[in-house]
Amino acid sequence: MSFPGAGLAKGLAVTLRTMTKKTVTAQYPDVQPVLPPRSRGVIALLEENCTVCMLCARECPDWCIYIDSHKETLPAAEPNARARTRNVLDRFAIDFSLCMYCGICIEVCPFDALFWSPEFEYAETDILELTHEREKLREWMWTVPAPPALDPAAEEPKEIATARKAADKLAAAAAAALEEKGDDA
Amino acid sequence: MEGQHTAAVAADPAAGGGYFDAYAAMGLLAVVGVLFVTVAFTANRLLRPVVHSPEKLLAYECGVDPVGEDWAHTQIRYYVYAFLYVIFAVDAIYLFPWATVFATAGYGAGTLIEMFLFIGFLAVGLLYAWKKGVLEWT
Amino acid sequence: MNLLDTVLRCLATLVVFLTFPLVIGQTEHKVMAHMQGRLGPMYAGGFHGWAQLVADGVKFAQKEDIVPAGADRRIFQLAPAVSLLPYLFVLLAIPVGPNGFVGQAVDAGLFFVLAVMGVGVIGKLMAGWASANKFSLLGGLRTAAQLMSYELPMVLAAASVAMAAGTLSLPGIVDSWQWYWLPWQIIGAFVFFTAGLAELQRPPFDMPVADSEIIFGAYTEYTGLRFALFLLSEYVGILVVSALTAVLFLGGWHGPMSDQLGWLWMILKTFALAFVVIWLRVTYPRLREDQLMRFAWAVLIPLALVQLALTGIIKVAIS
Amino acid sequence: MSPAATLLAATGSLEPAARSFLSPTGQEIVFLLVGIAVLGSAVVAVTTKQLVHAALWLIVALGGLAVEFLLLTAEFIAWVQVLIYLGSVVVLVLFGLMLTKAPIGRSPDADSKNRWVALAVALASAGTLVTLVVDAFRTSWIDLGAGGGSAAVTGASLFRNWVLPFEALSVLLLAALVGAIVLSRGDKRRVPAPRAGKLRAGRPVGSNGTVAATAPRTAPEAAGSAAGSSDAPSAGSSDAPSAPAASEES
């Protein structure tokens, strides 16, 4: 059952009700926003983990990652062994004027060298300055939050499981040795 | 004579004085209003910058260069509304002198009917316009 | 005639003319924002952006005065004043409180107010034509057609009140107001307020400034102080229409302790109506041009005629 | 109207010496000054070469006239003048100008060659009016009491003495209304007619009101006029050569 003007009255009621509710405006520069975990602010680089495998640069859809490197030969550790070579990172830069924040580079990195940082205040007055070099990318690592806690029912991460198994074994061996010693005494 | 005039006004302050006082105040307010606008624009003239550039003197048409002339043909149907208004406004003003007298002693129902007759004729006109579709936007 | 007294009254009217619209404008900023889940201006002046419109005014006063190359200079420059000043005269005649608390009582007050408000349309036509912009012209014509169409129901509804009161003087009308006028004149009140809203080109009747069609109508080419005057005229218009509706239909200063607090009642009623104006703006979408015209001629005018008949019959019956 | 008003002002002071001819009241001085302004703007309104300016000067003249009415204590008439003449008649004029053709700047084609005739007619009618008014009032003096022209007085005189003319006015207004509607709707009804009847060949749609009303004409002429008028749709003019234009208006 509706009478003429019911819709008009309803509209008025909606706006009036909204007026009494809390606003959703964020007073941003005064109040920092509370960002959800895994916010895609900027890409940070943990240089120490990077092996210059170039996977990220190759997978990047808009080719905004620039990597330069050179090979370094390590002298052989043992007399008869071969000398080893390894890649040394010279330059790692991301052009954030091109980057579309798809996160593929982070996904493909096999060595956990790239991370999402929630940092978003890196505007520049010149578009060319949006190409950020490795120092800057490394600095953003400090803003990367700890990974969110696992689901309570989740399986233990593999690394931890293996490490714990090893530690358990070691502890068991130590206990056995201690027991033997005690027997001797 | 001026003396006579003022004497007449003084004799009936409620009527004579009130009327001219009211409109003298209106006149004064007109002066005040014009002064306000003048002062505002003088202040504006002192404060504003003047940077010549022919670009900003172009007519604004959503950011692109203006197309064609500054004048364009528009719907003539607006004119009918204006015309209807003139006729009905002439009608409506008669309501005001009528409104002030019709309920006082000595007028009563007869005057009411006279006005209804008057309005009735125009209501017929409005109905005619409606039927003819003048009020429809085709 | 006490010259000093008259000068003071004129200046007081000017002060009201310049400050109350700012209050209404700021209320609009805030009410509209909160109705849309926002906060509105927050910085100017410190506390909840209360000085936002003052800041706007200062900004407008410093802006460059641009007259388009093809424009008719003098008419272009004159138009904002022509559109604004009629409202100043109307304000002078609006009674605020009992016992002569009015800028200047005019004997034919109601008629005077309606006549003077009708002059504003010339300013808008001048602005539209002189801008040398076809969108402005179209906006000016739309404004004029709308103002003329809605002036008529407004005049008829006002005539109904004049019939009920038997006088055209605005203080006289408020004096003879009784509570039962409220139901008696309810149709007239609706017609008057709606038509007033349309006269101000406030949403949902803002077709003449429909930005999606004709940029900003007659005001497209205006900048700086002249634009500010047009804006001011819109907000003074809200004040005037709200105050007139309060005077004619809501009993003006009538209320508890009206002898001392009459002016407060009047201001409260005016601002309540101004709030409704803002509320309607936030709630409803714009009417199409054909709906706009049809609403005036096919709904408001017949309603106003019905109200006239009702007023006439009841008035003769009770007198 | 306005020259007459000014001269009326002059006659107001053409009184016997007993009536303040040489010591006018402030009200009379204002009346005279406003009258001069009205006369001036009226003259500018008819001599300016810019169409819209003429209408705007007319507003000044009519507004000044309202002030004159106020000074004569004809309060109600003064505001009627503002509401009707300023608020609607001049707006109607402006409207008409802006809808048809009102360029910014001078419109040389708007000048009429009959200006001397017009001047003669204006002077003659002004002379008649002035003679009439002067003859009617002579040296009689009307005291302008306030409230003499208020709405209540007007209403009393209207509904006590002049009811019949008042009712006749409503019929006149109705006639004007119907006339306006017929004129404005006339074209609309006739436009689809050539399309509806297959037998009747089309004429240029845009010019049917103006061209065809004169006389039946031969096909090439009709086609030529269609091509000449810019607002005729091309569909209409392509049909034109098939038959002479029908003259249904005549």
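So that you can tell them apart, the chains are marked A, B, C and D in the order they are listed, and the count of residues begins at 1 in each.
What we mean here is this: a residue touches a chain if its C-beta (ideal position, glycine included) is under 8 Å from a C-beta of that chain, and two chains touch if they have at least 3 such contacts.
For clarity, every value in this text was computed on a predicted model and none was experimentally measured.
Peer 1: Which chain has its C-alpha centre closest to the mean of all protein C-alpha atoms shown?
Peer 2: The most central chain, going by mean C-alpha position, is C.
Peer 1: Could you put a whole-Å number on the gap between the CA centroids of chain B and chain C?
Peer 2: Computed value for the inter-centroid distance: 13 Å.
Peer 1: Between chain A and chain D, what is the gap in Å from one C-alpha centre to the other?
Peer 2: Each chain reduced to its C-alpha mean, chain A and chain D end up 80 Å apart.
Peer 1: How many angstrom lie between the CA centroids of chain C and chain D, rounded to a whole number?
Peer 2: Distance between chain centres, rounded to whole Å: 30 Å.
Peer 1: Could you state the distance in Å from the CA-based centre of chain B to that of chain D?
Peer 2: 17
Peer 1: At which residue positions does chain B touch at least two other chains?
Peer 2: Those would be 17-20, 23, 70-71, 74, 78, 82, 84-85, 89, 93, 96, 98-100, 102, 119, 129.
Peer 1: Of all residues in chain D, which are in touch with two or more distinct other chains?
Peer 2: Answer for chain D, listing residues that touch two or more other chains: 75-76, 80, 83, 87-88, 91, 95, 99, 102, 104, 147, 151-152.
Peer 1: In chain C, which residues are in touch with two or more of the other chains?
Peer 2: 70, 107-108, 111, 132, 137, 141, 144-145, 148, 151, 155, 167-168, in rising order.
Peer 1: If you go through all the chains, which pairs of them touch?
Peer 2: Between chains, contact exists in these pairs: A-C, B-C, B-D, C-D.
Peer 1: Any idea which chain B residues touch chain D in the complex?
Peer 2: 1-2, 4-5, 8, 12, 15-20, 23, 70-71, 73-74, 76, 78-80, 82-87, 89-91, 93-94, 96-102, 107, 111, 114, 117-119, 121-122, 124-125, 128-129, 132-134, 138
Peer 1: Please name which positions on chain D make contact with chain B in the complex.
Peer 2: 19-20, 23, 25, 27, 70, 73, 75-76, 80, 83-84, 87-89, 91-92, 95-96, 99, 101-104, 143, 145-147, 151-152, 154-156, 158-159, 163, 166-167, 169-171, 173-174, 176-178, 180-181, 184-185, 188, 231
Peer 1: Report the residues of chain A in contact with chain C in the complex, numbered from low to high.
Peer 2: Interface residues on the chain A side: 8, 11-12, 14-16, 18-19, 21, 23-25, 27.
Peer 1: Once bound in the complex, which stretches of chain D touch chain C?
Peer 2: Chain D reaches chain C through residues 52-53, 56, 59, 75-76, 79-80, 82-83, 86-88, 90-91, 94-95, 98-99, 102, 104-105, 147, 150-152.
Peer 1: Flag every residue of chain B that touches chain C in the complex, lowest number first.
Peer 2: 17-26, 28-30, 32-34, 36-37, 40-41, 43-45, 47-51, 54, 56-62, 66, 68-72, 74, 78, 81-82, 84-85, 88-89, 92-93, 95-96, 98-100, 102-104, 108-109, 112, 115-116, 119, 123, 126, 129-130, 135-137
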